[in-house]
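Here it is: the structure, laid out below.
All chains are identified by letter, namely A, B, C, D, E and F, in their written order; residue positions are counted from 1 within each chain.
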């Protein structure tokens, strides 16, 4: 059951604030997220064809995702700026979609769920951007947190 | 049917580039996108309760979405930097989800689809961030381009 | 007398948005702002003494102010990104204060008041930062718009 | 009495540098700052009226202030990039002004005075921006450091 | 022969400013720059070997270069923010070096020399970063403006 | 001799990633880099003449270099965001060139070579920018890592 004010980003008057993590301990924290870019079979074929530089589309999207992880606290107003120990973004192309998974780790006082979600989100937007001349019906869907570990709130696994 | 290289962001050697828009004309261009944050009934109730500052959650997410629209070309590698004439982001809360819609307009040589999609995406991530202490199972889903107008490639409506 | 909703950044439901400037015309627009950093006589003397590199303090503050003008739309959520034609920041040191004045010009659909105010503000913060080991009682005060010209809302002069 | 070169940001040749904090110890450091936006009674009334979304103006300004605290080292040239443990920004509206107070904490080798001052400064600029269609005579004034604690230079309280 | 103050970024008192381009005309402006990353034969071989993902190194460097072109005015204090019509970055690997060439175009009141030079510079730094575990003796050298066209100051070709 | 995949930024499939530094230890790490801006004798003279504000050109370039060090992880895709303990940038003007040297230190899990190289690079670009109305033939050359210390990979000195 929810209490009256369970939103950790809002103070007792309901005003937004960056929550105080002074009393939290530094620990290894890892988060994984995933997202899907649903697209037409033709767009997937174009990505797969040898004369179409599939590798490059994913290379650009991977860089965009990694940079987004680093800029999360600049993009999402109440996120804490965190040092990141690693970021990786992988892609899997199947018949009518690209699946993206990102993993981020840190040694810090708070977790990196938003960093993993941001990496997925911006990698997906970059694929959309690079394919939109072919297909405007693409859909970015199913962005979820797959797993997190570390920190006092315990591990989470979807 | 697709030709050999329909990806406008890739040059004839398949290398990424920012496509040349020198020959395109400035015109009024508008794009609308939408996304859904699916969440538990309890989380929606917490957002709705008077003592929970719903307005503020959406206010923070709205600001984040507007700023994301302005930073699109910084976030997505091959987007052109564009002046924006307007950005708006609206929210609709229903039983188990928040629907978000963003509209962006410009007077420029290329469209603002990515700006509208980025605004939706970052607004949704901000809601996730502000509610994640309550609900880690939320899902950001159905990010699509609803409509675009202006420019030589013609209007699009989903 | 004020109407019910004169805040141009808020839509009819009172929600923040970046106001639509589609119907406004590009024109030359200029704004000037000023601010004062009040400080102890000792701090001013330290700035004035030959062996203290006054020029450099102001040089750093000037660069910071110019860059702040360029980043205004990134810093202030509802500002439009604008091309800037010129930015200048000048300093005048007197007995117990530094006066700063910034002038910004553009050819655009909306004015550069916020750019001039941001330049002053960040230049003043930079002076504070560089002198704070000497004087923590400094006060940044009297930040005002001195003058604006261009645009349909008419000229303003304080 | 001041020595010949008390400016910690300037090296022995009077050149700007980011001062070396290698020998300083990590400790809890807190800073509070405040600023006032002086405005006409009519503007305050407009902010107070029920049909004018006062909450939203402050919500936008609060987000802007929090983000400015995080970007301080990007905005002020010689500031060190610091992890922040918390940031809060509060507003108090009275007859002819809005008072703003910001508090920032960190666990780091140097203090967060500039972060608290930046948060106040940008929150005030955001209020100015949102009210400037009503009132161009507003004045942002009295930006001061109220208090700092932590670090070897000792506590300060105005 | 040089007059007393030919530095267009410095005003009559020798203070830095962003020069006024109000009286300049919008026109098509193009600039090309190049740079070389000199490296050991072993490093070049590693880049060339099939099992070493050469394409990816260049893909990352290309994205970094394109983004640097877009952020030039944020990185170089007195540069004007400009819309860019196109950016491309190409690489050529030979026995002991990588040659990089960047081309940028705009339709604006001032040229894009700095954008082309920044793209080269950051692409080269990215290659350095990705190869530095193999070779710390690399040298980034010969960064020059190859050619510019457009604008009243006339064309330039090295 | 090189193994099959010595590029630490590329995973076993040859895809770019931000390398995992979780197992590395925090330690004091220092790096120094240098670069040269070769220019005509006339340009050097203009920089040296009393009525030409040489100090200011270098002051602007110094600020740009320091800020670039802080933004390295934003500019170079696979760099880790790091706290910096100090940054300094010095210039030496001789007959036909300006030599620039930057030193950066941190207490972190990875080194600051890229930060020192970025500071040099952007300081050099800023000098180019400020002198380009006089001399378009300038060349930015010889950007190298002079020295690094700290960390398990050992010290390096050119």
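By definition in this document, a contact is a pair of C-beta atoms (placed from the backbone, for glycine too) under 8 Å apart; a residue touches a chain by one contact, two chains touch by 3 or more.
Keep in mind that this is a model prediction, so the values were computed, not measured.
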Query = Which chains does subunit D share as contact partners with subunit F?
reply = A, C
Inquiry  = Between subunit A and subunit D, how many degrees of rotation does a Cα superposition need? Round to steps of 5.
reply    = 120
Message = Test of understanding: which option in A-F, E-F or D-F shares over half of the contact pairs of C-D, residue numbers taken as the match?
response = E-F
Ask   = What's the chain with its C-alpha centre farthest out from subunit F?
value = B
Request  = With centres defined as the mean of C-alpha atoms, identify the chain lying farthest from subunit A.
outcome  = C
Query = Quick one: subunit A and subunit B, Cα centre-to-centre, how many Å?
reply = 15
Ask   = Roughly how far is subunit A from subunit C, going centre to centre by Cα mean, in whole Å?
value = 36
Inquiry  = Using mean CA coordinates as chain centres, what's the gap between subunit B and subunit C in Å?
reply    = 31
Ask   = Considering subunit C alone, which of its residues make contact with at least two other chains?
value = 15-16, 56, 59-60, 63-64, 67, 71, 77-78, 81, 83
Query = For the protein chains shown, what form does their contact graph take: line, ring, star, complete or other?
reply = other
Pairwise chain contacts, counting only pairs that touch as defined = A-B, A-D, A-E, A-F, B-C, B-D, B-E, C-D, C-E, C-F, D-F, E-F
Ask   = Which bits of subunit D are touching subunit B when the two form their complex?
value = 55-56, 59-60, 63-64
Request  = Within their complex, state which residues of subunit E touch subunit B.
outcome  = 28, 58-59, 62-63, 66-67, 69-71, 81, 83-90, 105, 107
Query = Tell me, which parts of subunit B touch subunit E in their complex?
reply = 11, 15-22, 73-74, 77-78, 80-83, 108-109
Ask   = Contact residues on subunit A for subunit B in the complex?
value = 1-2, 4-10, 14-16, 35, 42, 45-46, 49, 51-53, 56-57, 59-60, 63-64, 67-68, 71, 75-79, 113-114, 117-118, 121-122, 124-126, 128-134, 136-145, 148, 153, 156, 158
